[in-house]
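Here you go, one structure.
A, B, C, D and E label the chains in the order they appear, each numbered from 1.
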Amino acid sequence: MTDILQIENLNIHFRTAEGSLSAVHDLSFSVKKGETVCVVGESGCGKSISALSIMGLLPENGHIAQGKILFEGTDLLSLKPDQMRKMRGNKISMVFQEPMTALNPVFTIGYQLREPLRIHQGFSKKQAHVKGIELLKQVGLSLPEQRMKQYPHELSGGMRQRVMIAMALACHPQILIADEPTTALDVTIQAQILDLINDMKEQLGTSVVMITHDMGVVAETADRVVVMYAGEIVEEGDVETVFNDPQHPYTKGLLASVPKVEGELTQLQAIPGSLPNLGEAIVGCRFQSRCPFAMDICRSQAPPIYEENGHQTRCWMKEGESIADNIVPS
Amino acid sequence: MSALIIRRFIQMIFLLIGISFIVFISMHLAPGDPASIIGGPTATKADILGIRQRLGLDQPILVQYWNYLVGLLHGDFGVSFQTQRSVAAELFTRLPNTINLAIASVIVSVIIGIPAGIISALKQNSWLDVFSTTLSLGGISIPNFWLGAMLILVFAVHFQWLPVGGLDAPFWTLQGFKEMILPAITLGTGSAAMIARMGRSSMLEIIHSDFVRTARAKGVKERVVIWVHCLRNAMIPVITVIGLNFGFLLGGTIITEQVFAINGIGRLMIESIGSRDFPMVQGAVLLVAAIFVFVNLVVDIVYALIDPRINYD
Amino acid sequence: SSSGASGGSASSGGSGSSGKAQEMTFAQTSKVVGLSPTMTNDSVSQNVLNQIYETLFTRDPETMEIKPNLAKSYETPDDKTWVIHLNKGIKFSDGTPLNAEAVKYTFDKLRDPKTGAPRASLLSAVDSITTQDDLTVVIKTKKPYGPMLAALSHGNSAIISPTADKKQDLMKKPVGSGPFMLKEWVPGDHVTLVKNPDYWKGPAKLDKVTFKVVPDVNTEISMLQTGQVDFIENVPSEQWDRVQNLKGIKTTKKAGTAVSYLGFNLRREPMNNLEFRKAISYAIDRDAYVKQLNGLGTKSNSIIGPKIFGYDKSAESLGYDYDPEKAKQIIKENGWDGKQIDLLVANTAAYMQMGQIVQDQLKKVGINAKIRTMEWGTFLDVSKQDKFDMTFLGWSNSTADGSELLYPNLGGDNIGASNVVAFNNKKFNTLVDESRYTVDQDVRKEKLKKANELAIKQAPWVVMDHGVVTGAYKDDIEGIDILPTGDWFLYNVSRK
Amino acid sequence: MPTTLFQVKNVKKHYPIKGGILRRTKSEVKAVNGVSLEITKGETLGVVGESGCGKSTLGRAILGLEPLTEGQLIFADQDITQLSRRQLKPFKREMQMIFQDPYASLNPRQRIGAAIEEAIKIHNPMNAKQRREKVLSLLEEVGLKREHYGRFPHEFSGGQRQRIGIARALALQPSFIVCDEAVSALDVSVQAQVLNLLKKLQSKYELTYLFISHDLGVVRYISDRVLVMYLGNMVELAPSEALYENPVHPYTQALLSAIPRTVPNKERERIKLMGEIPSPTDPPKGCAFHTRCPIATELCSQSKPEWRAVGEGHYAACHYVGEELNA
Amino acid sequence: MQPEVTQADVVIPEPKKASHKISQTFKKLLKYKLAVVGLIIIGIQIVMALGANWLTSYDPLTQNLSLVNAPPGSAGHWLGTDNYGRDMWSRLLYGARISLIVGFISVVVGTFFGVLLGLLAGYYKFLDGLIMRLSDLMFAFPGILLALLIVAVLGSSLTNVVIAISIWSIPSCARIVRGSVLSVKKQEYITAMRSLGSSDRRILFKHILPNCTAPIIVFATMHMATAILSTSSLSFLGLGAEPATPEWGAMIAAGQQFMWQAPHMVIIPGIAIMLVVFAFNVVGDALRDLLDPNMKKQG
């Protein structure tokens, strides 16, 4: 399988009233064709803006300070705005978290669904309409003809999210970026949507970048996992490896914090403290202030990435496996 | 929608009765006697008594109001104390001028205000934004009558491009168009500025909303994003301002009509108050209030057309 | 029509594209209220009425002497009877004859309390009106009535067509015997008159005249400047310089009959004290005030102005001229220093100007006048009651007769109405009555002179100025002549 | 013998929807449509269900923040349904609430010390110094520092704010606390901190919780008993263990099966529900769940199932539950 | 660097000194170029108003009929004199005082009643209908007419102008406040206060009102501008201050007649009004941007 998307050393900065803030540091990962990569991490760790920078849709005050985003070998960052626009919704699509606000309230579902088809495929209004109905059927909406004439507010959250997915998939993109597509939805609806994305992916061979903070969603959908903490990747690997043998203390903490629905009831192991502020200058590992294993080196020097069978970890404890073996979480 | 219209209509009737009562009572209680004004300083006591009887002012005030109200409910606005013409006829001679003026200035304000608002939102914090903001705030800051007088001096007296005042020709003729320009600008500047500022802030809000990001994510052209996806949403609060402004414009016409010698409701109102022409004041106020309510009804309907989320039932 | 101003045809094209067109536009700041001489009483409507209707007598623009107009002649067989002979063959513009019957009808209507005519008082002295024959009217008065001719030359006693009056509302559709007839009237905006081709003295020179309402004086003058308007009157003093310097504009000004005064409320302390009134008179520098008027006002000590019947030059030497030292002295002697005075001022430009100047001058002699401004309608009400200390008011005196000034303004009968200062002096009242109830003009003049002198000495008023009538018009207009009363007639006016 | 602290009898809360020319009530949102519960002192009763099923409304109704449409509330053997505001005041201090959104539940213009103090001020005649001491000790109790006393809410992180909310609820030493989505807005790692804190406080002060959440994992972790709601109705009520091990109602089963497990690539049977949640304005006739229920029959669409016991303290409302048990 | 972090210990954001929402807002305000200009203008006006006695030796009311309409730059009168020979500079200074007072009082009075009605309408459903219908009535009632009526009844004076403008502003203020009360009322902290057993009064004035201050401040600033402008319009219609009062609006209205001989009589107060109205508007605008939570996201 080939890498369809490669992100290399991506650094994202924001200009703010307090000065320039670095929100994402040296982010690198890649996505293979047909693969689902999940990006997890706590709120504010930089998942969304990383995704937006792939789309070329960073907020006005944000910019990519450094790095490359290679899509099929071409650097998206070098594209002209109009070339980039033609990629969006066509080769790369995105589904956003909030189904309630992500649709334009004053246009019909039909209008919004036809739009990408007309822009990228040059469909006539009629053709786009027919295709739109077909798409709505595909995402499992009842009465698709009628839905085309309805406005977003007349649909429930789950239905809207399905419309968003239909819109994103309209032009058979190679990559679908889904930014917390189910966070705002109920579990039963969430299950429907996740199944839908999975089905679509299988049918169309699309690669999926799924952003979430729900470890359950990751476990159910991902092939590979990228764990982010405070603007950095701290761990990356196959979903099984990461879940069964987490290496980074943060990943471990995260997994231990999730209350389980089945199996034995155990005391939750919370990670103390909270995510550092963006502007905070941190010397050493960004996780050190919350890390139960923090060592002196962690406080003075940022850890490098250690790789082991495609499983990457950014932690000093990997420096000579021996140390890691000796320290067992409490 | 029809429920809205019917409800508003019922509300309007009560509103108008309320207003008529307030105006009636306050006019009657206010010092100043219509008879002594008609009589003028030369009138003797007997003269004035005669006039009072002729006008029916010798009856108890509530009886007068009742008679007025009964007439009103039969569609009779009464007869002017001063000119002895039917109030309705007098009002409808002037109404077109005022309406034309108000509409022209709404057009002026929209033509200036909306692009200015959009441009300064798109180029937020640029010099263009500062310039447009300064200009629009300047527009709000100039007293109406002063602006009018200045415009007359420059464009009518100095360059003689446009007539000084008066609305004589029908508005669809060239002459009529020329006559309308200065008053419409005078009256429209203030609300143009308000629209520009409202447009700017609502555009800014919309530009940063999720669905605009969605549109961009679909690959929609920037131009279409702005003019199709943003504008319609941004118009919703702007329309409120236009609607409310229409009310203020109706008030503002008083000064504009004065300065530009336009025979409109505003001027009629001020004349009639001056001469304590009660039926005329009543009629004019009721008419203006009714127009205001009507315009706001239209605004509500336009809302519903622009924003499908709004449902009045 | 939806455009409202349906007067497209009426627009005289402003700049008068063809210099020959015998058309003219006149602008005034208020609207024409109505076009029945019986039912109106305002100078604005009067301007139009003067062109449509005629009175039995008129005044000579120069000498102010009364001369017959519709009337051919008159005689007074006794001092309570006026026999008036009409000119022959005069017709109203509706074709009906102007005869003795019409005159009787007009006057009876004006007098009838049921009519509620605002100037019914013009004929209050009349006892009966009869027609002797088709062209002769006999008016009998209750007492000998001196100002009768003045009353009959007043615009409100113009003769109306009985046929038309019974058929229609003259307020809207006037029918008179004058040189012009109504063509179009857009209420509040303009009145257009065209010439009466059958006018008994021969048709007028102007074909069409438009009376336009331009509420703002600045705008009015700008319109005069750009040619949208051809003629304006009552130029305010602050604009006089500007108007005079306009290219292509002629101006005219002459002494008028109007008088403005500062009145004392004689019902109150200390205004009822002559010393106080004197002090105030001494304190006011009326020369300075008149100078402010840019020549549009004349200073005079006389209450009866120079252009009014009953004036006598000797009055000028009476009264209490500017002398602030004397004023201060009186004030000090009487302990009025720092006295608070409630100065009631109507909110029109002219009165506000007087108010500010007087306030400042009084302050300089130690009187503290607090200006209370009031909207005109309210002012009229309040000023008739005992609710102020001092106030400003004017009297335009459209009959130009001294009795018509002294009686309403200072006569004891009119306290609570036009006599706002509540002046009530027995001797004065008698003198005024004598001037009114005699037809001998010389006796009248003598009585008026005496009454005038008495009033000047008693000083219920400080005369601020006597008015000047002004007009400004395009220099191709000929024949405009404004009477001291402010009236003018367009019969002889033409454009070169 | 566990004592019953709170009895909720057939509580209904309907919100009117107005419309038409005269703005008459056109229809009703049946937010809570007949809930009866007994809450035992010292226990945590979890309430789960999908968005809009009436969990919050139930919580607010129990606290007397919303007038009931129907039903009865009995707190510590006293009927508090009809009490006036004044009469209710002593009960208010016994019953507190912790809110979902720690941002929204604190007045942004009030220092947190003052916010916590305010609760005491309303009910407790302490002097300023005592109050301050009390607040400071509360702050420490919930894991904050004394120096936080004078700060504004925006200066805290989400987890800290939620601790402030808890401190405020504790200030009156209540016996009963409704936690409405008290941890939903927090990140998992912080959520765990707060859950542990709540547990700690419960055992320390013998608190009784009504714990509302849509996260079944969280509810399982903290609750002794769990109530499942659907469209304003009680669907199933059971001791925590029983419910998660042996859910009897098809809705509970579907709900549980829909939750993504944190064990990757484990094949499992997921009960797929079709369709959308019906509107509470116009709930389906019969069993409210029948429109999405995989085992629904004609009967379900016609008659409302009864609330019946299916085991030791295990109740459910489904026509087919009893049968299954019997069979 | 701290070595150990305990369980309960939470890393908190850089402690910002609490005392400073206001000073912070002020600092941000300074970032807006126009707002800075506005603040400077308002500052100057305040200095003029307070220091009028020291900044001129002329009395604004004393006439000098021998030196009327002197143009700016005349000896002794650097801004010239008006048609009564009164010193323009001194009138401008005292006018600043009057305009500020007029604006201030009408804003305070209008806002006071507006806020009260708005709070009641927003909080109590049963009062809402009544208060809002009343405000509709006021809205539909032409403002100038209201002023005319007030002036007709009470006479035209500065006080009555202030009354008219205050009354005029009540309904719009009430509406704005009601709107934000409705949204604040829905906030959870209000429910929180109710669940604590707070009284309505306490909730209304201690919790809702302080959270509605942003729109109220913006309204007040903007309305200050409107009030000053309205005063001048009323003066133009002859309904303004007593004649000699050096109120800016009245000065323009009076100067209008002298536009030809003495244009400075109109231009000087005209510019003064424009600047001040402009200043209050830009400051209000910037405050709106700063205080409006919707605008915050743009950083």
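Simple rule for what comes next: a residue touches a chain if its C-beta (ideal position, glycine included) is under 8 Å from a C-beta of that chain, and two chains touch if they have at least 3 such contacts.
As the structure is a computational prediction, the values presented were derived from the model and not from experiment.
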Between chain A and chain D, the fewest touch steps amount to 1
Strictly by count of touching C-beta pairs, the top pair is B-C
By Cα centroid distance, the chain farthest from chain D is C
If chain centres are mean C-alpha positions, then the most distant from chain A is chain C
Rounded to the nearest Å, the gap between Cα centres of chain C and chain E is 46
Separation of the C-alpha centres, chain C versus chain D, in whole Å, is 87
Rounded to the nearest Å, the gap separating the Cα centres of chain B and chain C is 38
Rounded to the nearest Å, the gap separating the Cα centres of chain B and chain E is 24
Going by residue number, chain B touches two or more other chains at 30-32, 149, 153, 208, 258, 273
Shared-interface residues of chain E (touching two or more other chains) are 8, 10, 13, 148, 152, 256, 259, 298
Expected list for chain C, residues touching two or more other chains, is 218, 375, 377-378
Listed in rising order, chain C residues that touch chain B in their complex are 1-8, 10-11, 14, 30-31, 33-34, 39, 41-42, 113-121, 124, 169, 171-172, 186-189, 212-216, 218-220, 222-223, 225-226, 228, 375-378, 380-382, 384, 393, 395, 408, 414, 416-418
In their shared complex, chain B is touched by residues of chain A numbered 52, 55, 57, 59, 81, 85-90, 93-94, 96, 98, 101-107, 115-116, 119-120, 151, 153, 164, 167-168
Note: in the complex, chain A contacts chain D through residues 42-43, 142, 156-159, 186-192, 194-195, 213-220, 222, 239-240, 243-244, 253-262, 265, 267-272, 274-275
Given the complex, residues on chain E that touch chain C span 61-63, 65-66, 68, 83-84, 148, 151-152, 155-157, 238-239, 242-244, 256-261
Seen from chain D, its contact residues with chain A in the complex are 50-51, 157-160, 187-193, 195-196, 214-218, 220-221, 244, 254-256, 258-266, 270, 272-273, 275-277
